[in-house]
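Here come two complexes built around subunit A, the first alongside subunit B, the second alongside subunit C.
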Partner chain A sequence: MRIFLISIITVLLLSGCWSAVELSDMMLATAIGIDYHDGKFQVTLQVINPSEIAANQDKANRTSVTNYTVEADTFFEAIRRLTATSPRKLFLSHIRVVIYGEGMARRGIADTLDFLMRDHEFRSDFVMTIAKDTTAKKVLGIVSPLENISAEKIYTSIESSEKFWAPTKEVKLDELVNAILSDGKQAVMTGVFIRGDAEKGSTLANVETQDPYATIFVEHIGVFNEDKLIGWLNEDQSKGFNYITDNIASTVGRLIWQDGRYIVLETTSSSTDRSVVIKDDEITITVSVESTANFGEVNADVTFQDQAVIQEIERYAAERLNELLARSIAVAKEFETDIFGFGELIRRDYPHEWEAKYKENWDEYFLTTNIKIDSSVRIEHGGMITNPLYDELIHKQRE
Partner chain B sequence: MTEKISSKQFLVLVFMNLLGTSIVFIPSIATSYGQENGWITVLISTIIGMVLILLFNATVSNDDTLDFFSAIDQSVGKIIGNVIIGALIIFAYYTGIANIWALSEFVGLQILMGTPPAAIALISTMTSLIAVRYGIEVIARSIEIFFPFTILSLVLLALLVWPEARLENIEPIMQLNKMSTVIGAIPLVGMTFLEVITLVIILSSVNNRKDGKRAFLYGGLLAGFCMMIVTFASIAVLGVQGTVRHTYPIYVLGQNIRIAQFFERIEVLVAFIWFFTIFFKIATTNFIIVKAVQHLFKLKRHQSISIPVSFLLWTGSVTSFPNVFYDFEAINSTYLVLGFIVGFLIPLFIVVSKKISQLRKT
Partner chain C sequence: MRLRSRKQEKHIIENISDDHDVNLSEVLAENIELTSQMLGHSEDLVIRQFQLNDIKAALMYIDGLINQQTVYIDLLHELMLDSSELKRTNNKAILPAIKANLLSVGSVTEVNTIASMLKALLSGDSILLVEQQISGLALNTKGGESRGIESVTTQEVVRGPKEAFTERVATNVSLIRRRIKDPNLWMKKYCIGEKTQTDVIVTYLNGVANDDIVQELDKRLNDIKIDAILEGGYIEELVQDDTYTPFPTVYNSERPDAISAGILEGKIAIIVDGTPFVLLIPALFVDFLQSSEDYYQRSDIATLLRLLRTLAFFLALLTPSLYIALTIFHQEMVPTTLLISLTAQREGIPFPALVEALLMEVTFELLREAGIRLPSTVGSAISIVGALVLGQAAVDAGIVSATMVIVVSLTAICSFIFPSYNLAISVRILRFGFMFLAASFGLYGIFTGMVFMVLHLNSLRSFGIPYLTPLAPFVWQGQKDVFVRAPLWKKRERPHLISQKNIVKNRTHAPEPPNGGR
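The block that comes next holds the complex of A and B.
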């Protein structure tokens, strides 16, 4: 009797092994590329080649990742159809990036989002991007130096460039869907593009030279209207976008000082306050940026003995910043989409007016809003040297 | 042999029973009604819940020697008393199968992917059967052990998602959707505080009944507070849309924990909260059904019927729910009505009839 009971209990424990899959039986996918081709979804999956990733092993002459591409009428079908070409079952939990081809993004991405959210294998911590001027398949095909897995490279590039360079934005699935569904905000996504020879870049030869044939760049922010890509912000405009949405950790900006000589400021922190006032049906939004900067590079005829000089530079930098932000806003108005989420600001501060009036046609009202920009820059540190080298050099030359 | 538990154990038991299941469903249900005011909906339902618990407390007499069943028989008579106990059994049964089903669905979908829910339901029901056979003292003591873990997981979850929270998600506070914010409290109360009516049966096992009643209130308050914090965090981190759309927002909340690039992918933290609370809820519910059946049929030992009851719970949980979406429909219709009858009308009836019989005596 006792043995009978024990065996029953042991059998119960086995239920956890119901759909057990051994690690050696599955493929880890790291990136999904989605293109639209002749009325069908063309899905490219990048999977890890485990023996190439493992450390301390003799590496065969193979790439670390392999891409599989299939076409199907729907997104989910395409992913399942991959098993027809791939040797093992796919495991999707380790996806780092999802890349839309530009054509796909312009067509509209709405019908891919439901699956990405619904399927339980996905974790929603991957980054969403667009392959600028190219297809996702090509971007994923580039063999990347340093980082073996190009999906990982794109992910870390976006992360670090958002932190140190600013004109990119790490957009996660949740944020994207919220922005697409929101009435008072439009979506954005960072672009990735290939610089160089894409053909040669997709061979292992790309990492055999010191100067790769092709590299993947992460830059520019794609502007959406609903779920369709309608245009791109250039580098400066993207930076301005991040200033306005308070998404600047650190960046570098150039000031043209006298005679075309320049000072480069390193922004170390920045915070943005946005407020809205509605008076007589006129919407006025104030964006005030407070940023702290260091001198990063000084190649102009200035000396820092006098506080007045520093203050002048601060004032001048603030002016430049105002212009930068104004250009971003002007471009957004040209695209007629409110990517900054000013509509949500109104919803928070004037909820009743928003519900009654602006909610339906916010993109139209957005065009007529007054946006005031008020930046201030404070300079704190000057690096390891005091007065610029330039100062002494120029005097020497004059002698 | 009468089993006794301390009032502190009862407090923890109330806490676990309130959080079981509801902690994963409440954020999305509250938010679907109240939008950005979802956490206020939870707050309102907690206030209503406090009133309900006062009502539940009033149904139990302060006389320590009288257990709940005999007290009911005394105040409303044997026949009506049996009807009331029968209704309690049906309600507890429904709660039980709903919880077992929810647990098996969640585990089957998120943790043991692909394992049939029926197998998970069988294991959890059979584990609760062991608990039931040991009796309420053992259940209460083990809850006491797991309570710190549950609280710790909750606190960790709330603290660790804080860097991801964006407070503008909860603005404007109480400006829009005022009506639905308040109305949303009704289904919330239905799936939380109305369910714990069954705990009055255990209340009579608390050694000091006055302290036990206070513990009932405090346990409810603490659980309501935790639900509010979790809902608040869900809305602040995932946004209104994100909270409403996900079946298990709290799990997605756990997936959002991301500190300094290495402290991530720890959503199993949420599974801890979920496992502990729901298991003890299943065990307690199972125990209550067994106790009530024991009283109805005047059995000597409650263990005699524990096995059939457990199997009924299991089959019920496997066969009663056609699909996931039925769950939300039931919460807003069938379950709410049943909860209202058993959790509100019956205690009200008991209290009123008690008052009347007191008046007659004097």
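The block that comes next holds the complex of A and C.
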């Protein structure tokens, strides 16, 4: 018994709280920005200034986050070099976003991924993004209104815009690495860009006015070839991309109806089936989208008493959707890169042919692939009112 | 006949004990003198001498232990005024004649020796001594002041009986008897404590209780050689299986309904004189998480409450240690936004998380202890000080973080949820151990601690019954009354392992509307 007690106490005391770190001794990093500058990695870390975030403490008119920027020959060295400027131990588990500057992304991001995957401190549920037309340092420098921490703002923006607006894609580290390493798929990342005056936006004054000088926008999907950024999809193309990859939760689409009047449909659910048939060396890929929608806004001369009218709208909407998807595919073919993962589809359905023939030069074969698009739209609900106000207005005017 | 010399008397007094007794003398005066000397001429010994039909007689009792009504009216009145019938009886038959004709009290026993006479005298009997008789009569006149039946103070319920046990063993026995009107409710009396001669009554349902446990308890009670038993806690500590454990292996309750329920399950109750808490053995771990109210409320309510209590057990045990482990070792496991707000609160706190937690927990334990000892008139003062010191001021001064106050309050609330005070104490003890483990090893330490705690619980026995029954060993029938409380008509059997006989207790069918509800 005595020996047991002594050994317990010894274990408790000698281990000395191994690897314990008090919360007040650490700096929570929320974002990493990676730029390439004069042949060196320029790493920007955004850390939280806790006393500014606290719910009910006297705020000392400082920013909620602080950015530290250092340069080094390698990524890891840069991160460690930060300790020379930062007052506390850096804690990387709560990184929400990793932002690559556009220059860095075009140069190639492969040599940053190993550290992100290898280091045990990362939780690897952060979102990977690209600073469109600017550097990561500048994006992180914007003082963001409403959400105190700009990394948190970017993370939630991507999350919610993917869910409700669709032209973005939440790409996590493992997904990115898988896409880069895969032969049948190319990587994509959502873009982040600054709208407004970046210079003024990086001061606290940015949040002291009702109209911020600069805001961070999350839009456009960056297209990669291997690990290099080669171009951007615009908003509609990005949306088409998400339709094809079955990544639509909810979005909004506009239909031009007669006389330039329009109907806006709210997609409530959408599912995409993709299949591939190889016949006589000719690859035919069928993408069929089934989506259900509600009337979100109707500003056209239609009445909904007749089921035939609704069916006509459904048909028209499906046509427009086909066009949207076709444009996305056309752009991808222009970039000569298969971001939709059609190659993966072939690898799964025709493994022998894939290994023997397509694997090596899939991007070339992709250009000649025949892609059929077959969409259908079903409208379920009309909203709180039946006939459009516009319709009633016209009738009144005619009288 | 001559009186014994002083020297002889001294010799006799020193040697009188249970083993070495002295017979009563024929001389009344001698017996009286000896009794008085044995009691050190105590003030409260009353010796009333009178003539019983020309025979000298004396009635002795201890003032305060007797019922004055009985002694004055039923005894003295009869003996002094109505004793004419004794004239014809001869000397030898006089005691039986008195016993037969004059004494209108319930229980009369003959005493032949000084020691047995003193024992009877000190437990509240009156002693009738008659000249030329070598034995006296011990008349049951027990009485005197004691607390009446009051409402429960420690295990209160919303719905259910409110009366509680008292310090008087006879009252307590009657409270149980009134609930179980069964000839098989057997009681066995023990007199434990050389100096206190405390009455201890063991009661159980014959034919339901496990005979082995009854015998084991009998053996353990007989083995007790102690001078004083002042409270049931003495008995608990002297008969329990294992001393070095934070967990209680003897259940106690001041609720007659809870004890009766236990007896009906085949458990054995120990009633100790002077203790308003009755002990119940064998006690299982799950018993301490159950309240007698569980059976008075509908089963769904009772099930919810039991699940809450189980949750409270873990919260009371682990909340501070989880807080410590998560904030100093496993920051990556905390959701980002939560961690940010925790960090913000920890900002500027001068102590490490463990010290902070200890500080608050110890302060709280002190407050709780002070609250118990405090006279009720100044009780509100401690709550004001406690609320201000623990809550507002400590946070405002930046000594502790607001989260820590929440953590401590949560543990405090949870530890008051247990129906049994002794389990709450076990949890208090273990909580500190877990806090140190968490500070040294993080979650790894907590879970190692949990493993050892469960191992320890598994090794415990209460009178031979595994402490974790019916969880380990797993008894399917028993699950109806552990975390859930099944409807009464579903519980057909008494707990296994405790009683092996007479296992079916309930043959009620499920209630249903007439004609199948049509």
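Definition applied: the second predicted complex is superposed on the first by the 384 of 399 C-alpha atoms of A that agree within 3 Å, B and C clash if a C-alpha of one lies under 4 Å from a C-alpha of the other, contacts with A are read in each partner's own complex, and residues count from 1 in each chain.
Here is the rule we use: a residue touches a chain if its C-beta (ideal position, glycine included) is under 8 Å from a C-beta of that chain, and two chains touch if they have at least 3 such contacts.
For clarity, every value in this text was computed on a predicted model and none was experimentally measured.
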Residues of subunit A touched, compared between subunit B and subunit C (which is higher): C
Which of subunit B and subunit C A:23 touches, first, second, both or neither: second
Partner chain(s) touched by A:50 [first = subunit B, second = subunit C, both, neither]: second
Contacts of A:3 with subunit B and subunit C, given as first, second, both or neither: neither
Which of subunit B and subunit C A:308 touches, first, second, both or neither: neither
First (subunit B), second (subunit C), both or neither touched by A:178: first
Partner chain(s) touched by A:91 [first = subunit B, second = subunit C, both, neither]: second
Partner chain(s) touched by A:123 [first = subunit B, second = subunit C, both, neither]: both
First, second, both or neither for A:384, with subunit B first and subunit C second: neither
Common ground on subunit A, meaning residues reached by subunit C in one complex and by subunit B in the other: 12, 15-16, 18-19, 121, 123
Of subunit B, residues touching subunit A in the complex: 109-110, 112-116, 119-120, 122-123, 126, 168, 171-172, 175-176, 238-239, 241-242, 245, 252, 255-256, 258, 264-265
Subunit C residues within the subunit A interface of the complex: 327-329, 331-332, 336-337, 339-349, 352-353, 436-437, 439-442
Subunit A residues within the subunit C interface of the complex: 11-12, 15-24, 26, 28, 30, 48, 50-51, 53-55, 57, 91, 93-94, 96, 121, 123, 149, 152
Contact set on subunit A toward subunit B in their complex: 12, 15-16, 18-19, 117, 120-121, 123-125, 174, 177-178, 181-182, 344, 347-349, 351-352, 355
